[in-house]
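Below are two complexes that have chain A in common, paired first with chain B and then with chain C.
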Partner chain A sequence: MTVARRKFDAVIVGAGGGGMRAALQLSEAGLKVAVLSKVFPTRSHTVAAQGGIAAALGNVTEDNWHWHMYDTVKGSDYLGDQDAIEFMCRQASEVVYELEHYGMPFDRLENGKIYQRPFGGQSQNFGGAQATRSCAVADRTGHAMLHTLYQRNVRANTQFFVEWMGLDLIRDEHGDVLGVSALDIETGEVMILQARATLFATGGGARIFSASTNAFINTGDGLAMAARAGVPLQDMEFWQFHPTGVYGVGILISEAVRGEGGYLLNKDGERFMERYAPHAKDLASRDVVSRAMTTEIKEGRGCGRDADHLLLKLDHLGADVIKARLPGIREIAIKFAHADPVREPIPVVPTAHYMMGGIPTNFHGQVVAPYKTGPEEVVQGFYAVGECACVSVHGANRLGTNSLLDILVFGRAAGNQIIEDLKRNTHHKHLPGDAADKALARLARLDSQKDGENVAQVGDMLRKTMQAHCGVFRFADLLKQGVDKISEVAERVKNTEIRDKSRVFNTARVEALELDNLVEVAVATMVSAQARKESRGAHARDDFPHRDDDKWLKHTLYFSEDRRLDYKPVRLKPLTVESFPPKARIY
Partner chain B sequence: MKERERARWRCRRGLLELDVVLQRFMDKHYAALDEAGIRQFEMLLDFPDTDLWHMIVQKDEDEGKAGLQPVLRLLQSV
Partner chain C sequence: MKFSIYRFDPDKDEKPYMQDYEITLEPADRMLLDALIRIKTVDDSLSLRRSCREGVCGSDAMNINGRNGLACITPVKGLREPVELRPLPGLPVIRDLIVDMTQFFKQYHSIKPYLINEDPPPETERLQSPEERAELDGLYECILCACCSTACPSFWWNPDKYVGPAGLLQAYRFLADSRDQATAERLDYLEDPYRLFRCHSIMNCTDVCPKGLNPMEAISRIKTMMTKRTI
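Coming up: the complex of A and B.
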């Protein structure tokens, strides 16, 4: 079967903030750029980011990029690469001003400068007083960023392929990346997009958990394409959770509820946080509350028929307080939990929010893997930025407001690196005859499958397995069983069947392909988590409650082909300043 | 012919809140929409995520969006 082919200088998969920032750099340099997106660019998940962009502008209180760097290293529980963190924090002010010049309508101070607000985990003077570092556009920073970057890209002639899904990465016999095969969702056509540079900006994959704050599109497509093509995935055991997501749907209930005096109950009506954190109680830090909730559920004190959630009570605050101070939360509870918090408690569970791991890159956005002679060899022609990438600036845990900064800094850096690399690589490399075979074989298998598995049912089993065995608090026995269970799920995914075989807008086919991707992310997560025998950042184990720098101050690399794990050192040496050596993390 | 499928895909959004509401709407109300209703729904889907979400939860009666009210009310109810 012949597959249509189009040539570009650069192909970018994903049109969130990171993909569009990189595209802009390339298009404005006069390169021919294609950007693929499953949904219209301004509906990417970046839109959900409300907190703002961290940058030490010092507009409100004195600030310094070096303090920001310290906070980020500490927040990462020392698993972040300090060269990349220095690079990011030093460039923060510049990328924010650049965005301002592109027309981003930042909130302003009376003196006209960009307004900044405080955010958790950000300090002055290396762990001192609260810093005021977040630049925002009210509660719609991500929304404003997407619109600003999209308009600018249209002006720069970036070519968008909207409602297109990347299928597989194309590599030649040397391992060099030559582009992607992709599916036009509207027509069902498969096409090869050949490029001198291929950049993945496909976002996260927290849809592997039943409780997740991520939009449905976040199925880890880029990670799976990379993994299937032999590129390892780094630090996949590290996922950030929020303690209170609406049971059943995962939608976030903000910490403001507990801030106003709401508290958690188990099935016996006990305010259990008093046992885990006698002083802070329900206001203890996110990880402490999440772990306590998981313990309650594991020990049989969860609520409901399946004893699998807890209750967040706030009716004692009174209807007036709830309506005045928490109106948005009341709407969410009524709509998604069918519970009016004025009268009844909200059923909640810890909900997955952000993936710290991803496709390993250096701070130029180049994908690096131990596939030739060294542990961090550049994979020629391949780049990744944003949540799908692991630079690693977030290490074992991400600070709020660092994700929007991450996508701006590394979107731009990857763009600049591609411009340099393309000056040397002036021609497209020869495309092998079998370039699209892998993707076509997957589609053909799906079309010919008989007596196969139901996509929704297997997907449900995948998410339940991850939630129960590899959630916010991890137990040796559950992880061990989890590896077996997720392997069973992976076998079932190989036999999924769709009834609708038509080509035009076949969303059943898209969802089956997304499940192929989710399972790659899920297995990588489970296997990596079972192997890491310590607690660090977001990876918390019951049997190894402490961080172990002697044995585990290293990055995990997971290889899909044989589910092999390898490790590589953390880059503790920054670019110009002294290293921040690991020490106990106390807030 | 694939109008429903097309609409279903355009219900994929950047905000999980909208994903869930729009999926419920598709399951519960889409099949019963007449042509005018389908047009209203498609116009609503063209709004940016944050705007659409605010229209669904804040329930303010915006004169300019009066023509979208019937379908918007259904979205508010699911």
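Coming up: the complex of A and C.
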């Protein structure tokens, strides 16, 4: 079968903050860019980010990027690469000012500067007093940022392929990346998008868990495409459980609530975080707070009939502050928890939120993998940024408001790197004749499958398995069973069947393809988690409760083809400053 | 619970029809979107857009018992049965509840929805007082779901010429921004019998906005700006 083909200088898969920041760089440089997105760009999941963007502007309290760097290294439980972290924190102010110049409607201080609020894990002077570093647009920072970036891309005439889904990464016999095969969801047509540079900005995959703050579209598509094409996935055992998802629904309640002065209570009305983190209390790192909450529930101090959640109190902030600074939260609480936070607390529970792992890259956004010369050889023509990438700036635990920063800094950096690389790579490489065969075979299998598995049911089994076997606390026996169970799910995914065979906007087909991707992410997670025999950041093992720097201060690399694991060292050496050596992590 | 849902698949249907569904809701099915996902587990051919399921992405706008809204923040309890679901009115249907929004976005793009300021940017942020910033409240929060524009009879009649409430709300968002320098250019573009003045203050837009925004008021503010500059 012949497949239509189009050529671009660069193809970007994903139109969230990272993809659009990179696209802007390329469009403004006059390159021919195609940005593919499963949804209209402003519907990407960046839209749901609430609390803010970290940058040491120092508008409220004294601050500098070096303190921010320290907090990020400590927050990562020392698994973050310090060169990349320095790179990110140094550029933070610049990318935030740039966003303001693009028109971002930041909240303002009396002196007209950008409003900043405190957030978890942010300190002054290397672990001293609480810092005020999070640049915010009420509690809708992601929404404002995504729309601002889209608007700027409209100005730059970026070409979007809206409601197109990437199917597979195309590599040649040298392993160089040549583009992607993609599905036009509206017409059902498959096309090859050939490019001299291919950038993945496909976001996260926390839809592998039953209780997730993530949008339906967060199915780890980029990771699965990379994994199927032989690229390893890094640090997949590290998933952030956000302390405050709405109980029973999963929708995110921003850490900004605690940044503005809200706090958590157990059934005795005790502000229990004082026991777990005497200094930072409710603004300790997210992994610390989620573990404390899970422990409270496990020890019988949870709230409600089933003692299975906790309460987030903020009425003491007063109606004015809540309405001005947290209007979106109030709306969510009223609609989804039937609680008006002006008067009553919000029932919350730790909820899967963010994937620290992903496609391994350096801080230029270039994908790196072990090949001939070492563990971090550049995969030619392939780039990744944002949640789908693992630079790694978040290590074993991401700090709140560092994700929006991550996508701005590395979206721009990858854009600049692509511009440079394309000056040297002036021609498209030869496209193999079988470039789309794998994707076409998968679609053909799905269309002809008889007596197969139900996509919704298998998806449900996948999510329940991950939730039960790979949650906030991890246990040896549950992980071992989890590997078996998720392998069983993976077998069933091979035989999914859809009844809808229409070519036009076939969402059943899209969901089946997404399940193919989810299962890649789920297996990588379970296998990586079972192997890491220590507790670090968000990976908390019951049988190995302590961090073990002698054996485990290293990144995991998971290879899909044989589920093999490999490891590579953490980059402890920053670009210009002294290294922050691992030490006990106390909040 | 009973539903009656608009179905049309151009790949096989000659014309649209209404299909009845009856399903038993689980306690976790609080919103209309939960119910639709439950229906989809029985009939995977039912097609709709959805993503964030919390009312911020704007994907799942549809006509619910005659009124435009977002399925994900419409409580399913209390809806009149059978719940009649149709695609947003006035736009071409691609399939089932999915409409072609090309025209809607074309109008949004037409108003230059980006900050225009030709001064070289300062080293740090451009300053804006809290009062100036407050002018953008109720404007920047738009999620481009199209509930308003597709509830507007003027937009139904002239979707190619009338900017529509969503586009005009965003036009005002930039007119109201103290950092924007293109006021004259923006007003010039809108000074047209169709682009702005097809608004006849019917108020459907404000009535249906799932985010509680007021496009009607933004439109009248643009008209005031227009009048003021002629004096």
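Heads up, the rule we're going with is that the second predicted complex is superposed on the first by the 481 of 587 C-alpha atoms of A that agree within 3 Å, B and C clash if a C-alpha of one lies under 4 Å from a C-alpha of the other, contacts with A are read in each partner's own complex, and residues count from 1 in each chain.
Keep in mind that, in the parts below, contacts are C-beta pairs under 8 Å (C-beta built on N, C-alpha and C of every residue); 3 or more make two chains touch, one makes a residue touch a chain.
Computed from a prediction, not measured in an experiment: that's the story for all the values here.
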Taking chain A as the common reference for superposition, should the pair chain B and chain C be classed as clashing or as fitting? clash
Considering only the touch criterion stated at the top, classify A:143 as touching first (chain B), second (chain C), both, or neither. both
Go through the superposed model and pick first if A:102 touches only chain B, second if only chain C, both, or neither. second
Check the residue A:504 against both partner chains and state whether it touches chain B (first), chain C (second), both, or neither. both
Answer with first, second, both or neither: which of chain B and chain C does A:48 touch in the superposed model? both
Let me test your reading of the model: by the given contact rule, A:29 touches which partner, first (chain B), second (chain C), both or neither? neither
I'd like to know which partner A:307 touches here: chain B for first, chain C for second, both or neither. neither
Per-residue contact with chain A, leading partner among chain C and chain B: C
Quick one: is A:317 in contact with chain B, with chain C, with both, or with neither? Answer first, second, both or neither. neither
Of the listed chain C stretches (109-117, 181-189 or 199-207), the one clashing with chain B is 199-207
From the superposed pair, tell me which chain A residues show up as contacts to chain B and also as contacts to chain C. 39, 42-45, 47-48, 140, 143, 147, 186, 215-217, 249, 251, 328, 331-332, 335-336, 502, 504-507
Any idea which chain A residues touch chain C in the complex? 39-40, 42-45, 47-48, 57, 93, 96-98, 100-103, 105-114, 137, 140, 143-144, 147, 151-152, 154-155, 186, 215-217, 248-249, 251-252, 328, 331-332, 335-336, 454-457, 498-500, 502-508, 511
Which of the residues in chain A end up touching chain B in this complex? 38-39, 42-48, 140, 142-143, 146-147, 163, 185-186, 212-217, 249-251, 328, 331-332, 335-336, 502, 504-507, 510
Within their complex, state which residues of chain B touch chain A. 1-2, 5-6, 8-10, 12-17, 19-21, 48-50, 57
Which of the residues in chain C come into contact with chain A in the complex? 9-12, 28, 30, 40-41, 43-45, 47-59, 73, 75, 94-96, 98, 101, 105, 109, 112-115, 117, 121, 123-130, 132-133, 136, 140-141, 143-144, 174, 177, 179-180
